[in-house]
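The block underneath contains the structure these notes are about, expressed in structure tokens.
Chain naming follows the written order as A, B, C and D, and within any one chain the residues start at number 1.
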Amino acid sequence: MSGCPFFEKRHLLFKNKLPSPEEDDASQAGDNKANKGGILYGEYLQLDKILSGQVLQSEVKGNKIHDEHLFIVTHQAYELWFKQILFELDSVREIFTRGHVRDERNMLKVNTRMNRIVTIFKLLVEQFAVLETMTALDFFDFREYLSPASGFQSFQFRLLENKIGVLDNLRVPYNKRHYRDNFKGHDSEILLASEQQPSLLKLVEEWLERTPGLEEDGFNFWSKLETCIFEGLDKDRDNITTIPDAEEKEEMKAEWVQKKEVFTSLFDEKRHEHLLSKGERRLSYKALQGALMIYFYREEPRFQVPFQLLTLLMDMDAPMTKWRYNHVCMVHRMIGSKAGTGGSSGYHYLRSTVSDRYKVFVDLFNLATFLVPHHWVPKLNPNIHTFLYVAECCDSSYGSSEDSDQEVV
Amino acid sequence: MSGCPFFEKRHLLFKNKLPSPEEDDASQAGDNKANKGGILYGEYLQLDKILSGQVLQSEVKGNKIHDEHLFIVTHQAYELWFKQILFELDSVREIFTRGHVRDERNMLKVNTRMNRIVTIFKLLVEQFAVLETMTALDFFDFREYLSPASGFQSFQFRLLENKIGVLDNLRVPYNKRHYRDNFKGHDSEILLASEQQPSLLKLVEEWLERTPGLEEDGFNFWSKLETCIFEGLDKDRDNITTIPDAEEKEEMKAEWVQKKEVFTSLFDEKRHEHLLSKGERRLSYKALQGALMIYFYREEPRFQVPFQLLTLLMDMDAPMTKWRYNHVCMVHRMIGSKAGTGGSSGYHYLRSTVSDRYKVFVDLFNLATFLVPHHWVPKLNPNIHTFLYVAECCDSSYGSSEDSDQEVV
Amino acid sequence: MSGCPFFEKRHLLFKNKLPSPEEDDASQAGDNKANKGGILYGEYLQLDKILSGQVLQSEVKGNKIHDEHLFIVTHQAYELWFKQILFELDSVREIFTRGHVRDERNMLKVNTRMNRIVTIFKLLVEQFAVLETMTALDFFDFREYLSPASGFQSFQFRLLENKIGVLDNLRVPYNKRHYRDNFKGHDSEILLASEQQPSLLKLVEEWLERTPGLEEDGFNFWSKLETCIFEGLDKDRDNITTIPDAEEKEEMKAEWVQKKEVFTSLFDEKRHEHLLSKGERRLSYKALQGALMIYFYREEPRFQVPFQLLTLLMDMDAPMTKWRYNHVCMVHRMIGSKAGTGGSSGYHYLRSTVSDRYKVFVDLFNLATFLVPHHWVPKLNPNIHTFLYVAECCDSSYGSSEDSDQEVV
Amino acid sequence: MSGCPFFEKRHLLFKNKLPSPEEDDASQAGDNKANKGGILYGEYLQLDKILSGQVLQSEVKGNKIHDEHLFIVTHQAYELWFKQILFELDSVREIFTRGHVRDERNMLKVNTRMNRIVTIFKLLVEQFAVLETMTALDFFDFREYLSPASGFQSFQFRLLENKIGVLDNLRVPYNKRHYRDNFKGHDSEILLASEQQPSLLKLVEEWLERTPGLEEDGFNFWSKLETCIFEGLDKDRDNITTIPDAEEKEEMKAEWVQKKEVFTSLFDEKRHEHLLSKGERRLSYKALQGALMIYFYREEPRFQVPFQLLTLLMDMDAPMTKWRYNHVCMVHRMIGSKAGTGGSSGYHYLRSTVSDRYKVFVDLFNLATFLVPHHWVPKLNPNIHTFLYVAECCDSSYGSSEDSDQEVV
């Protein structure tokens, strides 16, 4: 970044580690270090690699087409940002996996990094504007030279999907082939492994299942909620009977029946398992309870940051799905819909992926269906209320947080 | 890009060149080509290079700090886009340099590419949002390891400024040193050369000087405009004398005097040269006339696309200057203003670059000072009017445009 | 806008009309005018109306919910911008309707205004970010008070769709009812009228049908193109027979057959009429030809600005469709998908409108299917080539353009 | 919003209040209510007011200029959003003023609303793109009709500045006049009152002064920090003496001296008062301490949400200042810099407001100057550590939070 004085100064005095042997040698080298030593901007960023990776296939084939350069740079920028997202995602998953999330001091870190992922995804949506300065006609001129390279071969994007929690059995096949068929050897193995390791979805699920207040021998939120809701529904039904106007009364009754069905289904664990098996729900029944508990008590100090996390998970799903949709729009513009030709169409395939199948945290969105008025929400009793204010202190040796920090991330 | 079917298909049949010998060999290789041949996504984008260039200095020094990864990736993304901007800029300068711009068929290309540069700059402004997810405290943790690398060492950004037309003598020195002192050997030479080669500013200047209608023995726009404006001013003065209210009359008079001064200065070539020497104007007197002519007759078919170009030049300057300002804001947040310390402050240096000194096409903005009512603009006479509809046809052999296209870009 | 000095100065001297009687009186009023006369910012913008229109239904009903204010203001901002889009759209349609577009001087105006519409639509997409700061839980608290108001009742949005050219028979019905059933009296009549008046789609169609070069007794583009394409296809087939590898040959053949089908369908007018009747195409056969001609010869001076217009029409369709998709995402978040309940779901209805049925200029996107290599495009002959450089001058009395301008817009 | 099913359904059953008498009457009206009753979209949004407020002065004066419509609508949209920002700002200030912020359950609300303000400001920055589709030439055509209306007369923007905490004595005068001179009567009184009521800056200051851990008879953060820092500095000095290379040693020493000065100044209360009096600092000495404490212990559960608030305050200042800068850029483009004319220039005035004088929470930015390595930060002792986990529960009667909610906001 031009003129960025970010790292212009040497801050040796601030070092919080002893100098390593090499550094000692370096410091003995004297003026060498002072004037020429250390790392320069271009070396630091390895610009020799980054800026030499733009080879136009059209030029290689003897027919250089100007716009291919943009095509390459845009895709490279996408891949750079995918790498960053993966880096943040791995660190968040690590915090959850190691159980560090039980120390609530790590929640700030989790949310900060999730927010960064969200911000990057929003940038990636904006980034289409740049590629859209290329017309279909410009693209046509070099499209042939790229064969058989294909965006389906983006290893990082598939990895990303798996690590967030896109389910293999919900993926739309492309030309009847499994997505992993596009990859070979080591890449294919890593993808398979990523399907088997706990995804962010799984980790969040486990964390939600531990939501304080769910314990059946404690506050027993779910059972209390069920009681409150059905009491509320009963009262509503009674109110309806007092409506004088016949037509309105019928309308109200019909609506009431529907609402009762919705809530009956909510407390029907078997139905939940059925929806899970069809992929219409993704979180375990217990995790769903935890999420709803956090929703309803979000203002309690201990639930504020968890509530932000749930919001961030939706904030991540939304631009991912918008990214897919923007992608579809651009492809439509670049290659048309190919209506009328045989063979499967890239455009139509991509359209099919703009679907709730690929919305990993779809349950959090759908919880909006189960909201109730404030006075239907069970009151916190003094025990749980205090509990929500007090978190356990997980590390006996405070002050070591920096160290643990470095282990964690 | 995941699932991008852009280049999924082989379109050998569409080749508009004969197969080269290697391709023939390749096609003879048979199934090899069909199944495994050609280039894959990761190879095409050289992702081995792009995705292996993230080495954290904090990790090298034994104290890995998570956020340094973001810092590296963001700067690499900036440099990737700078490369793309340079690529477009060079192609536009090439079109101007080779005189291809005289063939007005090339103007669409010029504007399309300028628009792409503008779009990229706007993305670069958005991109700050990502780096801003890092707090000053996170940055502090790895800042020391970067020394003496500095954004001042961004070779591409300096090159960019020179090629657009930032003038060496208008640059703000940093710590009393010339900007080129940050670069050595080959880089330094290329920068020097870029100062000496015609910048976009210079090329646009030459093109504006050729604006049809400026010829003194022809339509003679400038002289006609001067006459019209001073006639208009005279009429205004006469109108003022008829204002009955004394106070208002005085006010009007004062305003009139001011306006007369403004226009007198416009037609004063010596004053223009004086402002040029101080850097307050950048375009030659003749080029300024051309720009104003295009402004006033922008709806004439032959001036529509040139008018868009003038607008695009301002559209490029504006986000560049916003980029600088956003940069300042971020630096303020990351390192503070260091008020009270001795040594020069990066923050204050950067603030000083958010200045009209770095606004290359500042004259086009300032022309807003010299606008006049429609009826003060000289009427086109039949000759010039026809001329504005008819452009010369530069190439005798039409149909070779594709070929010349490939020479040009 | 704070501190906006845009209109801070009186420019009486620049008036290009004689003072009207009232103004004369005003100017005679003397110091009154100088100090207190004229219009103030708040009056000018009618802020008394604009800023008093926020009445919270929840407050009226005795249970003020904070977030309803955001809900109202956001929707009002949408409606304000819809009004601006309609204003621009009407002026563009007027230029086309009155035939002013035949004077090519008006094309700059058309494109500038279309670009403004595009820019506003992009802002409207961004604007969702603001409403998304409201959670489903916040919305739930006041949702009941709004009944039966509904976004389906946005008169301006329906008008907008009709004026651009969304076809009545392609609309997705909502709860089996026609969209116009949501409107009564005058509004309903205006909507009906807007369906009957020429939409932008229709006007662009007529304009495209007049594309110079389509004349059968002139350059006869369509016939020439057909000849070139089928000659090219024949040559390709011959090349395929020389491929030594059997498997590759078969593959190439299959691809060739497909391509031949595509182009055969392009030149099959009956098929076009069939697709038109199904709504899969929207432009007349002749207009489609004109669009393809502009695509292929876009660098010709007279086609540059028309090509920009075609691009802008897609640029408008794209964010409209993104706006619909963002809307769906937000609704999902606010009210869930209501899976499992009977009654029709707003979410699922809205999803169905994110469809090519609502993409008015879908034909321009789909033209990407019919691109061919440069050397398959018919060469311009000297006659048409000159023609593309020279436009007719439509108004005999130049200089009256400002006046006609005011009639036009 | 078209097709917005947000409020399409009647949810009478969810009502958490008894029906008011009018509603009873309404419900007795029977089919009237079912079919025609309730409020419609256009009435709800008062679109008759909102959409009838666009009166073009150019049209009133008999010379309708198309682009004036955009000018009006854009400014109205700005004012609508200013109203929303004021609404959020007032609710946040209310929470602080009434001491509700002591109940930490309200912090989620505070941060959510601050985040909304930030999001709106970002939209307002984007919104310039729309006005920038108007050229200087278009603006010139109707500029004269607006006199003497001026953006300086935006009442809401001045109110906004005062309520956030722009200080009267730091404002740049315009044409040597006080900003309040632009307003009369009631407006002027409200502005004066807003200067006297506690601004967000003041309220945050008081809140920061109460940061747990600052108590001199408790954890005594400030004194502990001072000790730690000077011990650290001493150790650094000792390390420097062991550096063998003379030149490097001198450099390190000079840097050390500088750093020592910076920290000496930090602990010098008199110097703080001096900087306060000059406007270079804005927060009290105690509040500054609180902010730094929150910075250093931000990961402690009780400090996570407060740390987010400090970040949001900077997030609000940053786009406000960017908005000012974008405004300057647009004005430059619209009216030029008027260099060379007498009279004060709007452009130059606006430039002067893009200054740290108008950055209300500048102290939070500048704290970046005072960061130290982790091991220089005082360790939390068991007492304070527990304290940071446990917040007092302020309301004895939990469950009444909804009610108090409605009082608060």
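The definition used in the following text is that a residue touches a chain if its C-beta (ideal position, glycine included) is under 8 Å from a C-beta of that chain, and two chains touch if they have at least 3 such contacts.
Computed from a predicted structure; not experimentally measured.
Among the pairs A-D and A-C, the greater number of C-beta contacts is found at A-D. Taking each chain's centre as the mean of its CA atoms, B is the chain most distant from chain A.
Each chain gets a centre from the mean of its Cα atoms; for chain A and chain D, those two points are 29 Å apart. Chain A and chain B have CA centres that are 37 Å apart. The geometric centre of chain A is 33 Å away from that of chain C, both derived from CA atoms. Multi-chain contact residues of chain C, defined as those touching 2 or more other chains: 10, 12, 14-16, 298, 334-335, 374.
Here chain D touches chain C in the complex through residues 1-12, 14-17, 20, 23, 37-47, 49-55, 57, 61-64, 66, 69-70, 72-73, 75-81, 83-84, 87-88, 91, 112, 115-116, 119-120, 122-123, 126-127, 129-130, 133, 139, 143-144, 146-158, 161, 174, 324, 327, 331, 334-335, 346-347, 349-350, 353, 406, 409, going by the rule given at the top.
Interface residues of chain B facing chain D in the complex, by the touch rule stated above, are 132, 135-137, 140-141, 258, 261-262, 265, 280, 295, 298, 311, 314, 318, 321-322, 325-326, 329, 332-343, 354, 356, 365-371, 374. Across the complex, chain C is touched by residues 9-10, 12-16, 27-31, 33-34, 104-109, 236, 239-240, 243-245, 247-248, 251-252, 255-256, 259, 298-302, 304-305, 307, 372-375, 379-380, 385-386, 389-391, 393, 398-399, 401-402 of chain B.
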